[in-house]
Amino acid sequence: MTTQKPFITRPGTIALYVATAIVFLLTFSPAVALAFILVFGIPLFFMHEMPAYTTTGEKIGKYIFLTICTMIFIFLITPILVIIPLSFNAEPYFTFTEGMLSLDPSAYSLRWYKDIVQFGMLDPTGTENWWSDMWNNSTWVRAARNSFFIALVSTILATAFGTLAALGLSRPEMPYRSAITSLLISPMIVPLVITATGMFFFYSQKNLFPFYPDGLSKTYLGIILAHATLGVPFVIITVTATLSGFDRSLIRASQGLGASGTTTFFKVIMPLILPGMISGALFAFITSLDEVVAVIFLADVDQRTIPRQMFSGIREQISPTILAVATLLVVMSIALLTALELLRRRSERLRGLAPS
Amino acid sequence: MKLKLLISSMALSLGMGFAGSASAAGGEITVVSWGGAYTKSQVEAYHKPWIAKTGNKIKSEDYNGGIAEIKAMVEAGNVSWDIVDVELSDAIRACDEGLLETIDHSKLPPAKDGTPATEDFIEGTLYDCAVANIVWSTIFAYDKSKMPEGPKTMADFFDTKKFPGKRGLRKGAKVNLEFALMADGVAAKDVYSVMETEEGIDRAFKKLDTIKDDVVWWEAGAQPPQLLADGEVAMTTAYNGRIFNAVAGEDKPFEIVWDGQVWDLDLWVIPKGTKNKELAMDFLGFSTGTEPLAAQASWISYGPARKSSAPLVGNYATNEKIDMAPQMPTNPENLTNAVQNNFEFWADNADQLNERFNAWLAK
Amino acid sequence: MPDPTTPILTADGTPLKAKLAQTTRQLKWKAFLLTLPLVLFVVITFVLPIGQMLYRSVHNPAGSNVVPQFAEFIQEWDGQGLPDDKYVESFVKDLAVARKNREIGKTVGNLATRVNYEMPGSRSLITSTARKAAKITEGPYLDALIKINKKWENPAIWLTLQRVSKDYTLAFYLAATDMKYDETGKIVQADDLYQIYIPILLKTLWLSAVITVLCFILAYPVSYLLSTLPLRTSNLLMILVLLPFWTSLLVRTTAWIAMLQTEGIINDALVFLGAIDDDGRIQMIYNQTGTIISMVHILLPFMILPLFSVMKTIPPSYMRAAKSMGASTFYSFRRVYFPQTIPGIAAGTLLVFILAIGYYITPALVGGNDGLLISNLIADHIKKTLNWSLGAALGTILLVVVMVFYWIYNKLVGVDNLKFG
């Protein structure tokens, strides 16, 4: 049982090659043949060695199962990957031109990326004060600045409050635990339209908030508070998950050795729950970065964020600029995902759960 | 060349008529309008000369109509829009609800010959809280290159047998019901009296039913020319100026059908509580002066609201060959079968009819 | 042997029981105090705003704001026929005063809008009458009004005025459930042609169910595969699930527009393959199909992750044991494997269903005409038609529906078991 046979089973591979050749002859398209070999070849790759008593029927069954899974994975990932090449389209279309398919370099261009920077600028071709013009006037640059500012501050709020609360919630003595947890998770469950509507009315009231006699709607603070609220559930969930594997005797050991509460927190608890906190913070960050409903209801043009700008772009004049922005966002989520994965591994190492 | 002359003469004449109320330079106002070619025409005809004259700045913003934003701002007491271009029915409703500043008509500049503004403006274009700038129209248009023997009447728009292909319509009850009734044979002058009755509304929806499966709905004014250009629709309703600009500015082979047009006014309003009321009033007065209104008409085919502007309307600003007068909704030839949007009817019935329209759409 | 009747004492002489209780109480307080800042924060930024919205759905003081004396006075009226002239007189006088009022929320327009909601077509009746109200100086007032507009002869308008003069109303809940007051003030169903909110709510529930089922069908095999593969391979494949999960909602929606448009990738591919004509391109977006496809894609990870985390804990030896005892693959799957995955199924389906009911962005962008959900109507009333009370009433109904499912989720799965990645 320990010997590994090659992944690809012989008869299957030959059948695949023959079928691909037929497909190619029928369509004369390398792209179609490539797609065909991917969809039907990847399952073959995963056909592990099966016990000797496996019937042919079971083998076919397994192959079909794997093909279905491959198709589902393709369904999941294709839309995200397909926009990346499209964003380099030289033409203002949302589809592959013939030039792109035949890999003609002139069919590709960076014009939509240039457009991201230049759209809204007073003088995109001028050299004088180009940088300050871009920083202050470019629509997308402003949106990005708003997005990151709002996301950063709301993440800090959500993480600080959320971690504290998670520490309380994971104590065995916590009263009304499930009621309070349900309350704190509910911003994730309640439809955003309802949350945003409620906040829209609430924040528009005058003479209610200190320092903001005109109300909080159309201010950065209003959106930051809204996004912090929406990020809280993620912090609670990830930090309590980390704390569930937390050995409470460590706290007692620390206290037994004479450490104060603060020392215990920063020297013992914090390092251990840090991965949970950071991944919670990342979730809160990406939630804020992606959130658009509350922004639609609460923000003014001055506080437009990237998703808000995309929303109106898609609604009114959908141009490949949106695809270029989308590509940048995909690259960013890959970076965040990598960070999260590294954190998860670190956390597992710390807790002695190294992957096999 | 002509334009430069126009602008300089404009600045001169305004210097005389408006010297008293000119405000100190250095301020900034936010002017909100419908975007695209329309906003561009206002930037050229109103914003630039005003900036040059007063030294103030203008922040230009786009929106899709309606009074929701104004209402939210005014009620929150945080008004960031100083002057907004709205449709008549919206201006009336917003004024009724106290969302707008009232406007003193005597402060509007008189015509060159001294006719006071109250007489120079076409009847029905001055209101307590709103001053009209242009007459615009909803028409339908098609691509001539794809349909050489194109539609001629509103009935053709609804005839998908004779003219196959998708239709573009604005999402909402307004104007579509009028179009449907005219296509069903109701004379332009009787449209609103038919719509006053439940049977009339049923009739309009029944007519809309006949093309429902072929309709692509649009919301922003910039969409219909795009839909036509992409071949997404064979013909579409649109704001006449947008189609004109696609034709004159981008050489698109579009043709406007004026039969059954529904014309309406766009007006300037000033949201209540703006911190720049003085400047906004100054801009309002300036831009609705005789020359700026005439200048705008050389950038987009919307008719000026002042009588004294009409004779000054010349040719298209970037193409001298195009005479603007025949492109205007108010051109007599275009008015043979036309309706003026009845703001009172829509103020009364918009809520209910939109509800029915949405129910109809979702079925 | 200590006497069981004398309590055990601690060092300072208090009974141990009391001391223990005190310590527990202190610990409880400590735990609670840790959560307190966040609880307060969430109450202020989330619970209060929603509570206020609920209040707005029943509280609409247009009547008492605009015509205060009349609003109080008319409540005495028995509602039979036309009101006595004394009521009409107070109405006319209030209206004349209100006409000059430019204060927000207290203008004639506010009253007219409110009346128009309940009696469509009467907005201009109120506004035009208000313009002339100051000129009516002596009775009979009712006749004077009728002279201005015949519609004042209709008792229904007076009944409506009496209704809108109350600060608290159920009218918006009636509207939200496709009902209304008829001419005589009785509650009746709205005409078929105006039925919209209940059908859309039902459609929302139905579409959410379809999306949930589709997600389940797609997620189950994938989760099974992920849970049975060796850790390194499954971690790698997991990226294919997590990347969409981490990618912006708007990016994914944009991607689906690019894929599904009539001039989009899928249609182009089908035309290229000769499956359809260039004229016969399929409409896959800006309708229900587009909403379903893109929402399934967006919500699929929320189904895969809980299923995966449950399946991971099921030892593969169970299935092998069943098979070795002679059960067929299907039988052992149905009787041994499947029942153990039910907690994951419950968690995944409920989560996806709850999220789907409240979706707004994706249907707004790709829903077209028949792919719109109840959230879109709520947003429309808040942002476009400005019938805020109706929007709030619809929101409350949606909130109740979601809360019911959240409660079920809590009972079946428990909020503590929510996990990501």
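By written order: A, B and C. Residues from 1 in each chain.
We adopt the following convention: a contact is a pair of C-beta atoms (placed from the backbone, for glycine too) under 8 Å apart; a residue touches a chain by one contact, two chains touch by 3 or more.
On a predicted model such as this, the values are computed, not experimentally measured, just so you know.
Student: Report which interface contains more C-beta contacts, comparing A-B against A-C.
Tutor: Pair with more contacting C-beta pairs, A-B versus A-C: A-C.
Student: Hey, which chain is the most central one here, using CA centres?
Tutor: Measuring from the global C-alpha mean, the nearest chain centre belongs to C.
Student: Of all chains present, which has the mean Cα position farthest from that of chain B?
Tutor: Result for the farthest chain: A.
Student: If you average the Cα atoms of chain B and of chain C to get two centres, how far apart are those centres in Å?
Tutor: 36
Student: Averaging over Cα atoms per chain, report the distance between chain A and chain B in Å.
Tutor: Roughly 42 Å separates the two chain centres.
Student: Mind checking the centre-to-centre distance between chain A and chain C? Centres are C-alpha means, answer in whole Å.
Tutor: The answer is 25 Å.
Student: Could you pull out the residues of chain C that touch at least 2 other chains?
Tutor: 263, 383, in rising order.
Student: Residue numbers in chain A touching 2 or more other chains?
Tutor: Chain A, residues with two or more chain partners: 200, 315.
Student: If I count partner chains per residue in chain B, which residues reach a count of at least 2?
Tutor: 75
Student: Could you list, by residue number, the parts of chain B that touch chain C in their complex?
Tutor: Per the touch definition, chain B meets chain C at residues 66-68, 71, 74-75, 93, 95-99, 102, 202, 205, 216-217, 230, 232, 272, 344, 347-349, 351-352, 354-356, 358-363.
Student: Note which residues of chain A are touching chain B in the complex, please.
Tutor: Of all residues in chain A, those touching chain B are 200, 204, 206, 214-215, 217-218, 300-302, 315-317.
Student: Provide the residue numbers of chain A that touch chain C in the complex, in ascending order.
Tutor: Its residues touching chain C are 27, 29, 32, 46, 58, 61, 65-66, 68-69, 72-73, 75-80, 82-83, 86, 93-96, 157, 161-162, 164-165, 167-169, 171, 173-175, 178, 180-187, 189-195, 197-203, 225-226, 228-229, 232, 234, 237-238, 240-241, 279, 283, 286, 289-290, 292-293, 296-297, 307, 310-311, 314-315, 318, 322-323, 326, 329-330, 333-334, 336-337, 340-341, 344, 355-356.
Student: Give the list of chain C residues in touch with chain B in this complex.
Tutor: 101-110, 112-113, 116-117, 120-124, 127, 193-196, 199-200, 203, 262-263, 286, 368-370, 372, 377, 383-387
Student: Show which residues of chain B lie in contact with chain A when the two form their complex.
Tutor: Going by the criterion above, the answer is residues 35, 61, 72-73, 75-78, 80, 219-220, 222-223, 226.
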